[in-house]
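Chain IDs A, B, C and D follow the sequence of writing; residue 1 opens each chain.
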Amino acid sequence: MSDLEAIRAAARQFREERDWEKFQDPKSVLLALVGEVGELAELLQWLPADRAKELISAEPLHTRVGEELADVLVYLVGLAEQCGVDLAPAALAKIEKSAIKHPVQQSRGVAPDRTGQ
Amino acid sequence: MSDLEAIRAAARQFREERDWEKFQDPKSVLLALVGEVGELAELLQWLPADRAKELISAEPLHTRVGEELADVLVYLVGLAEQCGVDLAPAALAKIEKSAIKHPVQQSRGVAPDRTGQ
Amino acid sequence: MSDLEAIRAAARQFREERDWEKFQDPKSVLLALVGEVGELAELLQWLPADRAKELISAEPLHTRVGEELADVLVYLVGLAEQCGVDLAPAALAKIEKSAIKHPVQQSRGVAPDRTGQ
Amino acid sequence: MSDLEAIRAAARQFREERDWEKFQDPKSVLLALVGEVGELAELLQWLPADRAKELISAEPLHTRVGEELADVLVYLVGLAEQCGVDLAPAALAKIEKSAIKHPVQQSRGVAPDRTGQ
């Protein structure tokens, strides 16, 4: 079983045991994901930009950021399940599509927004 | 190689070829993730709540929602990479932690927020 | 003094007294706003869509939602201040622009997304 | 009429003319707000943190950021209307509450998160 399938299965079992599937309409799950992204933002918001990577790589932020990233992933997997999207191939396909959209020659070293995206 | 590792490797190669690693500080990547979550929200916002699942499971929304979910995942994997978090075990551990926080007996059928979360 | 000016002045005084202006770069303030939007999402996420309006209009949600809306507004005013945007006329102008984009005849009763927005 | 009342009145008239009030349940409006915050994030995401203020204060970003801020405000006012919150006094009250939570003596010059918020 792949890692995303393992997460999907564990999350589904968690919800089924609690009879929580009934709350899982897509707009509610998306708002839950927004809530978790918000918690991630609260952890990063006032970090100095040039030290943020270092600070979230060490404790106490490492563990807390990891938990919020995990929460976002769990809701993302749940939302993908609802619309029948297989996330891993979808992500790989999207990276390929971006590679075509941003040819190496024109994009090299230029901030993404400024290549005419 | 697991799903998430494959995505991480493909995304890193994409960025390296374009010399885009230098834009990848955590706060910027998180804002990029917020941008993708916003695009997902724009697709779902006005759908009737009770038909949203059906509507995003069929075209034309299925493909578009799949692409936005993919974009969110790619940035999420990138952010996890920055702080050295291994997302799959982190997500499975978080589900276990939630299972302890929300015992089946007390949670069954009660909306998550109302169990005293 | 208008509403928004009063909020801007009170927020600026609050920050100046604490010497917090130095943390107020736009990306940090935007992440703080995202954090508050996330808290709002956490309050609404599992409410039944057809009862949400009623539930947030009554206690205990009324006060909590009001506080989160207030937090979002304070950061929004702060961000507008940073880029020198006068929010009230900007909002009125944007409504007029939307009115032109969505002519009454073609838009009437059709969900916004489906008018070809 | 105050700023925020003028925006509320103009937005309500815009919706009523298009018979769009029926789409305005709180969760949908919040997702619309998330969509606009996402557009704001897309404008700021790759800006160098230390030049972001300068860049969004000048064209072409000044106008675009102003429009996105305006969109966020319009949905925020709409959501406040739905739960019967008067945004301006709520924001001023929240700033006062924050002032008590973060006494000047202990907060001065220390990033908000690190005062034990």
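Everything that follows uses one rule, which is that contacts are C-beta pairs under 8 Å (C-beta built on N, C-alpha and C of every residue); 3 or more make two chains touch, one makes a residue touch a chain.
All of these numbers come straight from a predicted model, not from anything done at the bench.
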Go through B-C and A-C and name the pair with more C-beta contacts between its chains. A-C
To bring the C-alpha trace of chain A onto its twin chain B, one rotates it, in degrees rounded to the nearest 5, by 180
Count the residue numbers both chain C and chain D use at their shared interface, divide by all numbers used there, and answer same if that is over half, different if under half. same
For the pair chain C and chain D, the C-alpha centroid-to-centroid distance in angstrom is 3
Centre-of-Cα separation between chain C and chain A, whole angstrom: 24
Touching two or more other chains, which residues of chain D qualify? 23, 25, 27-28, 30-31, 34, 37, 41-42, 44-46, 49-50, 111-112
Specify the contact topology among the chains shown, as one of line, ring, star, complete or other. complete
In the complex, chain D touches chain C at residues 2-4, 6-7, 10-11, 14, 17-20, 22-23, 25-28, 30, 33-34, 37, 40-41, 44-45, 47, 49-50, 52-53, 56-57, 61-62, 65-67, 69-74, 76-77, 79-80, 82-85, 87-88, 90-95, 97-99, 102, 104, 107-109, 111-112
Chain A residues touching chain C - in the complex, by the definition given at the top: 23, 25, 27-28, 31-32, 34-39, 41-42, 44-46, 49
Touching chain C in the complex: which residues of chain B? 27-28, 30-31, 34, 42-43, 45-46, 49-50, 111-114
